[in-house]
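Before anything else, here is the set of structures, which you'll find just below.
In the two assemblies presented below, chain A is common to both, partnered first by chain B and then by chain C.
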Partner chain A sequence: MLKTARRLLTNPTSLSGIILLVAFAVVAAAAPSIAPPPENSRDPFMIPRDGFQTEPEGPSAEHPLGTTEGQYDILYGVVWGTRTAFRIGVVITICTSIIGLTVGSIGAYYGGWLDDVLMRITEVFQAFPFLLAAITLTSVLQTIYGRGEAGPLMFLAKMLAMVTFGSNPTKNVDPVQLQILTGMLAIIAFGWMTYARVIRGNIMVVREEEYALAARAIGVGHLRILMRHLLPNAVFPVLVIASMNTGSYVLAFAALSFLGLGAQRGYADWGQMINFARNWIPSLAQHWHIVTYPGLAIVLFVLAWNLVGDALRDVLDPRMRGHDL
Partner chain B sequence: MRTGQARKGAGILLIVIGLCLLTVISVYLLKDISIWILGRRNEAQVVAAWAEEVSGEGSTPYFRYFVRYQFATPHGETVTGISAVAAQEWAGLGMGGPVNAVYQEQANVPQYGVGGIDSGHRVTVVYFPLYPAHNRLDDTRLVPVLACAYVPLLLLGWAVLAGGRHLIRQT
Partner chain C sequence: MTTYIIRRLLILPVIVVGVTMLIFAMLSLLTPYERASLYVSDVPRRQGSMTEIIEKYGLNDPIYKQYWYWMVGRQDPETGEIRGGVLRGQLGFSSTLGGPVLDVLSRRLPATAELAIWAAVPMIGMGILLGVVSAVHHNKFIDQVLRVISIVGWSIPTFVFGLIVLMVFYAKLRWFPPGRLSDWASQVIRSDGFRQYTHMHTIDAILNLQFDVFLDALRHLVLPVTTLAYLNWAYLLRVTRSSMLDVLSQEYLTTARSKGLLERVVVMRHALPNALIPIITVGGLILVGLLNGVVITETIFNYPGMGSFLAHAALSLDAISVLGVALVSSMILVIGNLMVDVMYGFVDPRIRLQ
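And then the complex of A and B:
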């Protein structure tokens, strides 16, 4: 473990990724100090506005990164958007990994018809183009949640809200958060398949190893073999994929927000902020700041996770050890 | 000995949680299945449609949309129901006027239009014939997504039960 950490820290690729991630983490943690929310603010994630003028304003002393259309402060949005990006990226990654690991490992361990059924389900989900499927499911979910009926979907939303926003599951979900959760649920629904396929392949290899056969021979339970012996030896590639996918999930959510399906208007989310630039594409030379800063934040955030994932793969892959990374 | 008792206690707790979860899910499932399988479709008339602001002071306004509808069963019973609808659906129902909370920034002041109330509009509803008060706006097109949502919850309930049983058996 220490060796892996040392390798990661001495590798220039991973080091740059880690530095970027740490910088984002610091910005997220210090958001209330860097961009303090207004006193009367109910939700610090709602970007404060300085008037209602349509045309964006350039950088000034009051708004160091300028304002978008509708006078939303860009610095505030970018800073608080970091928290949104971490929340969304990490929670989606955890949920998709858990689903993928469960489906893949059960299929691989028990094999037979169960494996066939689980893998066919996985293939059905894989057959859909990811972003298109996420867009469709988000709109369907927004229609369902708009009706406000309690049901299994509302239960899922409450669980996800508890994990993502720390909200109380016995209370109604905030409508602003609910809109974000619909996008997250859609990405989770169509984002777990890679994990399932990868872990299935790895478990099929390690389940034939001697330690696994020995454990089975002495009568160790299935769950224990799976959790204690097989998963720990098969999970490393999934960590690499998870790290690389975190950036992709944030990107996918930004795409949903850009299309008006993710975060609500005025919420501190990078994709939603770029959405403000849609009406100003012909005059972007003049209003360059409305797209540059949130865009840069997305690019660097995704790049950071990709660099860390790339380095993790190189460090954890035995065939790459000893090579210059 | 103490570990064994703790395991047994945890096992019983998990089984109780699992049973509660499965009971709640089953109740919802029964309510949904009664509509999905035995439900009868009918045309209802919108008697009122309105929007309510649910956001607090100082935050971006957020609206919820409601319709009150009325329909008659083949037995002559008149049933009234209220349903919330999503903003997109509000548009789809043809309520007329500005569909969503419209932002009129040109005036440099926020103004929010909530759409014209269009009483008399007809919507499709689905109801349980034995108990027409159990009705809702037709959700046939949403059934696949609604039904899929039960799968993870049923699996979760089953896993909690299995975990509890496993702990008890270990003692």
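And then the complex of A and C:
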């Protein structure tokens, strides 16, 4: 473990990734002091507006990164958007890896028809182009949640709201948050398959190792073998995928927001901020800052996770050392 | 070979049925009222006529019955007319653009296909070329630079890239316009003398010998094609590089070199063909990339294809259209993956024996 950490810190690729992630984490933690929310604000994630003029304004002393359409402050949005990105990326990664690990390890360990069924289901989910499927499901979920009474689905949203925003599950979900949750649910629903396949393949291998056979021979229970002996030995590649995927989940959510399906207008979310730029395409040369700053934030954030994932793969899998795929 | 293809074809129906079941599961989350657009074009607002329609098309029947109606169609008890039925190509009616979803799609698919085909050329060319360059100069300066470019390129979202491209080449330099055709060119295309064979403007223009229209269509394609292609070439570069590195370390290349062959011949004639085999396997992933990419690309460039239809319908919460597009695109992907597997079987004899 220590060796792994040292490797990660001495490799220039992963070091730059880690530095970037730490920088983002610092910005996220210090958000209230870098960009203090106005006193009367109910939700610090709603970007404060300076007037209601539609035309974006360039950088000035008051707004260091300028304002976008509707006078939303870009610096504020970029800073608080860091929190949104971490929340969304990390929560989706945790949920998808739990689903993937469960499906993959059950299939691999029990084998037989159960494995067949689970793998066919995995393949069906993989038969959809990921982003397209996420857009589809988000739209369907928003139709359903828009009705107000969504039964068991509302329960799901409340659980996710509790994990993501720390909100009280007995109360109704805030509509602004609900819209974000629909996008997250859709990404989770179509984002777990790689974990399932990888963990299944790995457990298939370690299942036949001697220590697993020995455990079975002395009568250790199924669940215990799976949890104590097999998973810990098969879980490492999942870390690599998780790191790489965190970046792509954030990208997918940003794409949803960009299309207007993710975070609501004025919410501190990078994709949503870039959405404003769509109305200013002919004059983008003049209003370059409305794309560049939030865009840079997304690129660096995703890059950081990809760099760390890339290095983790080299470090954790000695066979892969020197190759990058 | 035949058994390999047959075995591969046998899995196909399972996946296809699974896909329709998943789509129907999403449909069944909707209310019968919202599902009515599957069978009727104008969903009436009045309560009375609504219950009649729900009754008529069995929208409150048990779920397995509804799945059957959705698949094969539902007969109108009075007129005997069959409505709906995915197998009959009836995907329901679009409330955003009006008309049957399949009609909208068949109008828009050629545009998307044109975009994807044009994007595939530079994407595959650049990806493989740079991958080979990177592998041949393993760990040298150019390899490091390409490695950094590919990992950074991989992290840039399509919409940021597309907007920056528009900012520079449209807003600033005014070189390339958004959209699909200039006004004068769309008039030519709609005129009587112009026959639309494929509905892909560049190809039709050549077939009609209208080279000014061809150039206009091409000029509109440059930016979206760049955006769509860049998305995947970074990925292809990495795959080609690592596959090429594997091949370059093999003994038969040492043999070739010791025969005194030129390094260029060794790389291009002996190594590359074998290195290309694993690249076929990522064909499916590249198709996924293209399908995902067109949604964003078409939206940014205001290009009237399947992707912008999906984005527009999703935003208007037109679930019937959205699910129709999802069904069609997943079928494209399933067929694409099948073709990739069959091709792989042809190219690599080891696969057939497994």
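Here is the rule we go by: the second predicted complex is superposed on the first by the 318 of 325 C-alpha atoms of A that agree within 3 Å, B and C clash if a C-alpha of one lies under 4 Å from a C-alpha of the other, contacts with A are read in each partner's own complex, and residues count from 1 in each chain.
In this text, a contact is a pair of C-beta atoms (placed from the backbone, for glycine too) under 8 Å apart; a residue touches a chain by one contact, two chains touch by 3 or more.
Because the structure is predicted, anything quoted here is derived from the model rather than measured.
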Next on the checklist: What does the overlay on chain A give for chain B and chain C, a clash or a fit?
Outcome noted: clash
Next on the checklist: Quick one: is A:237 in contact with chain B, with chain C, with both, or with neither? Answer first, second, both or neither.
Outcome noted: neither
Item to check | First (chain B), second (chain C), both or neither touched by A:258 | outcome: second
Checklist entry - Is A:70 touching the first partner chain B, the second partner chain C, both, or neither of them? => result first
Next on the checklist: In the overlaid three-chain picture, which partner chain does A:284 touch, first (chain B) or second (chain C), both, or neither?
Outcome noted: second
Next on the checklist: Between chain B and chain C, whom does A:307 touch in the aligned arrangement: first, second, both, or neither?
Outcome noted: second
Checklist entry - First (chain B), second (chain C), both or neither: which does A:175 touch? => result first
Checklist entry - Looking at chain A, which partner touches more of its residues: chain C or chain B? => result C
Checklist entry - Does the superposition put A:146 against chain B (first), chain C (second), both, or neither? => result both
Checklist entry - Is A:59 contacted by the first partner chain B, the second partner chain C, both or neither? => result neither
Checklist entry - Where does A:43 make contact in the superposed view: on chain B (first), on chain C (second), on both, or on neither? => result first
Checklist entry - Intersection of chain A residues contacting chain B with those contacting chain C? => result 137, 139-144, 146-147, 153
Next on the checklist: Using the touch definition from the top, list the residues of chain C that touch chain A in their complex.
Outcome noted: 14-15, 18-19, 21-22, 26, 29-31, 34, 147, 151-152, 154-160, 163-164, 166-168, 170-172, 178, 238-239, 241-242, 245-246, 287-288, 291-292, 295-296, 299-300, 310-311, 313-315, 317-319, 322-323, 325-326, 329-330, 333-334, 337
Checklist outcome for this item: Note: in the complex, chain B contacts chain A through residues 25, 28, 32, 54-60, 62, 64-65, 83-89, 103, 105-110, 136-137, 139, 142, 145-146, 149-150, 152-153, 166
Next on the checklist: Using the touch definition from the top, list the residues of chain A that touch chain B in their complex.
Outcome noted: 38, 40-43, 46, 51-54, 69-70, 137, 139-153, 155-156, 175-176, 223, 264-267
Checklist entry - What does chain A use to touch chain C in their complex? => result 120-121, 123-125, 127-133, 135-144, 146-147, 153, 247, 251, 254-255, 258-261, 271, 274, 277-278, 281-286, 288, 291-292, 295, 298-299, 302-303, 306-307, 310, 323-325
